[in-house]
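A, B, C and D are the chain letters, set down in written order, and residue numbers restart from 1 in every chain.
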Amino acid sequence: MTPVPIGIAGASGYAGQELIRLAARHPFIRVTTAMGSGSADGARTLPALSGVWDGAITPLSIDRLVAETQAVFMTLPDEVAAEVGPALVSRGVRVFDLAGTFRLRDPALRRRWYPATPDLDTPAVYGLTEYYRQALAEARLVACPGCYPTATLLALRPLVDADLLDGDIIIDAKSGISGAGKKPTERTHFSECHGNVAAYGVLGHRHGAEIEQELRQAVTFTPHLVPLDRGLLATIYVRMRPDVDDQTIASTFAQAYDTEPFVRVRGDALPEIKHVTHTNFCDVGWRFDRTSRRLVLVSCLDNLVKGAAGQALQNLNVAFGWPETTGLL
Amino acid sequence: MTPVPIGIAGASGYAGQELIRLAARHPFIRVTTAMGSGSADGARTLPALSGVWDGAITPLSIDRLVAETQAVFMTLPDEVAAEVGPALVSRGVRVFDLAGTFRLRDPALRRRWYPATPDLDTPAVYGLTEYYRQALAEARLVACPGCYPTATLLALRPLVDADLLDGDIIIDAKSGISGAGKKPTERTHFSECHGNVAAYGVLGHRHGAEIEQELRQAVTFTPHLVPLDRGLLATIYVRMRPDVDDQTIASTFAQAYDTEPFVRVRGDALPEIKHVTHTNFCDVGWRFDRTSRRLVLVSCLDNLVKGAAGQALQNLNVAFGWPETTGLL
Amino acid sequence: MTPVPIGIAGASGYAGQELIRLAARHPFIRVTTAMGSGSADGARTLPALSGVWDGAITPLSIDRLVAETQAVFMTLPDEVAAEVGPALVSRGVRVFDLAGTFRLRDPALRRRWYPATPDLDTPAVYGLTEYYRQALAEARLVACPGCYPTATLLALRPLVDADLLDGDIIIDAKSGISGAGKKPTERTHFSECHGNVAAYGVLGHRHGAEIEQELRQAVTFTPHLVPLDRGLLATIYVRMRPDVDDQTIASTFAQAYDTEPFVRVRGDALPEIKHVTHTNFCDVGWRFDRTSRRLVLVSCLDNLVKGAAGQALQNLNVAFGWPETTGLL
Amino acid sequence: MTPVPIGIAGASGYAGQELIRLAARHPFIRVTTAMGSGSADGARTLPALSGVWDGAITPLSIDRLVAETQAVFMTLPDEVAAEVGPALVSRGVRVFDLAGTFRLRDPALRRRWYPATPDLDTPAVYGLTEYYRQALAEARLVACPGCYPTATLLALRPLVDADLLDGDIIIDAKSGISGAGKKPTERTHFSECHGNVAAYGVLGHRHGAEIEQELRQAVTFTPHLVPLDRGLLATIYVRMRPDVDDQTIASTFAQAYDTEPFVRVRGDALPEIKHVTHTNFCDVGWRFDRTSRRLVLVSCLDNLVKGAAGQALQNLNVAFGWPETTGLL
């Protein structure tokens, strides 16, 4: 089989590099075209990747992406993605967007959190693979979820779908710094992050809106930066309905994920970031106190893999009808 | 003035070393006696401290502590502290305990979480300085709070005292690894912690009992280890009574802490661990959403200073009638 | 083709886990048997590996390794390896040892640095793949080089072989903490390593003897522990013969490595640890000052891959006649 | 005694903040004036310092520094320091410069490495306190040494002064990232530094020229960035003259430093970064092999204290005739 030609728009960022790395191992695709995030951005070398993928990163060009590829991963700034994505789709290229641009369905919310995003004719499919497989098969434009929503939703969707929750949902998430992107800022300067933990976007982070959209319920979401590079751990606090016991919770998760290749249900062996880095796994564990009905969930993933590049590739596998784990185990 | 002779029992651990470092700068005390945590434990060199404090660490001896000191800081294993503390008090030495042994007042709780602790005749004073000054002045035995309770209580006590809270209290805390002590374990092995975040003691950490004792209210408390050495950040989720607005919260904290030298009220400039390491400050900030009545508090301190050695010294200052900031600014 | 059954003796350490991870991706082998490092050591779970390799780690048993496998990777304590290795070889199993036991050829040196090692009848092949391919094809017992020697020798062998050096060789190496193994010690305790750099084994590290054996020349070798998990960078100081110029150096390295899949010659684009972690690459770069004839070489690898598990697998590929990069790109 | 009014020009950088922190503990000085590094740079808050020093950082103004202060610490970009320094001196203010501008005495070298620096009328005193005390007493302009030269020179000067060395000097230094300053760059981005070690400025770092000036001898100097915030360790390789033995080395260091308050001679107990961070100590240790005459020195300091702010304050103490350790122990 001739490999499907793939483009990466925004290839020099961390998710872009991870995509190149993963794609190099994938037997059915070939990265023919890797571009920077602007028409003047290119020529960057990726020394870590030499010997793995030795192509050049060239300036962003929609024409070349259309001419050379069948599908494009986009890790572009939101306002660029908002323009490039629909243009590619309209010219027949399937798009897997890793930015936030197309994730929110409600136009009002979208305008609030992603002001640059146009009103779309082609609706995007939300690329949480485990819950949108059917739609992904036909999707022209896939809005891959953020790293925080992926970890959170994989932990909460089984309980919400089974209507087991009673009351508030509180999500306290800790993310490695690569989640903040490659652009040097004071916030991501080594000396500011080393030995530090900081909450940010408290009561106002746009991933909260994305989580609420998928849960159809308000949540309190607080992200933190912790001093590590890759990985994300979400601690989630909920209360269960009075009749729920340990067995209900365990069987709900078993039913949801026993056949899923990338969700590892841990039960009371709580997951840790180290278990999932450099993999496409999301690990979910929990502890439950029957008396207070308090459930504490812990969910972990690598923000650059299951939280970005890996899940995008998983979506591509579904969209092209290949085994979902291709290139990912 | 002749400096007061001070002993440190358990001087080779992290809190012990921090005590020596702080005591060396304190004008009214002198560490005459530094001991290991057992009668066979001594002779350890502290290369970081040479030139600052050049004494030797000798084996643990109650007799020598009684003979040579007026007050002793104890950072001993709980079961050793349970024996040494009352012995010292009964022989006229004032004791500032940094272990958990004497913190819980309820004998049943104490037996559950600190099984080695005897039933005490001399009740201990809980050494959260800002709230127990009067009792500290006369105290013979001070049970200095743990690092998690200190950060949590300084954030919550003003709101609880003013009866502003409505419903659950959830405390999600992130601590540096030095909080786990100096003993090498798999949990604290560098390669296990680096690049990792792990929750532990979920729904069953004894600091939860300590927090509940001081708040007179149940809480959900989840500690995490994050990959840094010193420092602790607690993110606390509460809901406010319907009539509470931003102004109420701000004035409640202002009233509680405006004259406190070691609690810095940050308001919506959220504190970060970097702001407090190597200081005796506890910084408290928050964000409030009037509509949902959700308040998110962030509280930070250095677990070895305000969470251990610094607060112990602050308590000593109060107990001996010296200005509370002596040696701590 | 039926996969070759492979055993791993010492599977719960860091190199052992990396072997399992790499072997899981290798199309021609299957890990049938993973054992601890003692006959009472087993039953350890490897949560990071579930879904990748779900076997159990069982107690060490030579009989079972003989019965179940054709080749064994050993990452055992030296004195255990000294016993198990020859026993396996004598019963027809090919052995790839990652400990130091069999690396030194001179019996006197071996007794000095690895006192537990027996005098061997079957001589071991030194598994620096790039330089011992021919011997590896027939080898029954492969002594895979240490991480420090691998990084150092790949940088120096081309220059030594071409007789370009004049005078002292100084090797200043910086290693991640996983190189010190999984056993918790004070030296590898998180709080001791974080924010720290320490030299160790100065003028007396046994990897120095290994380097000298392969270069047939004395060296000054200083290893350091730096606060990261995986990766190793060696900075090497030599002086070149008077007639050597930039071109000589560049062409010497090009000739040595242009067809090597796992040595990336970087020239004056100096390698960094980040470029090689989680890969089997060793990157070599340099800067040369013609006037002083000083050459500074920088060599990097991942101590758990090219410095341990990856190179062992590379050796297995050669020994079994498979393409050398199988399972490693 | 009325405290001497002090200015800090460049107060928002890491060395500037450390100066404020140290000055706040110094009994004889008061920071009256803290300025940014440009006339438009000010108004920065320093949340870590509130309660310690609550002044405002104002835009850079020579007139105000002259009006308000008797001495100024400068941590300005080289080209700004080159202008501000002489202006302050000419108007009667004593200047302690922490930039590199005035360190090199040879005008040709100065023009090469610090092109912006003017030819000076008032020669600067090189502020390596231990070796320039006499000149410091009268100095109007003190060029405080860089962090790399301070660590290196304190280790080598005793041996060079006693003429014990034979042949090359090789300095392999490992520095925390704060040494690279506060300006966010790709090089100092957290995700680039974490898990990484990188050599830089190989065979061409301007601190090499500074070291050579003070040793009157060529050296090979290689700095590296290691993933920690504060601290610097230099490993130095020399060969001793044939008649030198262990005793000679030990007594040479003893003679040089036994009465020095800030140089701790460690002998074969090799120093580590952790021993010196947050102190003004420089620790020096070594290992010697009599047969090969190889001496390996290890020297450590905190790049922001003895390598910057602490040494500057130590110089101020000498210049003003105060006990040299004032505010520094």
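Annotations for the structure displayed:
As a convention for this text, a contact is a pair of C-beta atoms (placed from the backbone, for glycine too) under 8 Å apart; a residue touches a chain by one contact, two chains touch by 3 or more.
What you are looking at is a predicted structure, and each value in this text was computed from that prediction instead of being measured.
The chains in contact with chain C as well as with chain D are A, B.
Touch-path distance (fewest steps) from chain B to chain D is 1. Ranking all chains by how far their C-alpha centres lie from the centre of chain B, first place goes to C. Chain centres here are Cα means. That of chain B falls 45 Å from that of chain C.
If you average the Cα atoms of chain A and of chain C, the two centres end up 36 Å apart. Chain centres here are Cα averages; for chain A and chain B they lie 39 Å apart. Multi-chain contact residues, meaning those touching two or more other chains, occur in chain C at positions 176, 192, 194-195, 227-229, 272, 274. Touching chain B in their complex are the following residues of chain D: 24-25, 47-48, 50-52, 195, 261, 264, 266, 269, 271-272, 274-276, 278-279, 281, 283, 329. On the chain A side of its complex with chain B, the touching residues are 168, 170, 172, 174, 176, 192, 194-200, 202-204, 218, 220, 222, 224, 226-231, 233, 235, 237, 239, 270, 272-274, 277, 287-289, 292, 294, 296, 298.
On chain C, the positions that touch chain B within their shared complex are 14, 176-178, 182, 184-186, 188-195, 227-229.
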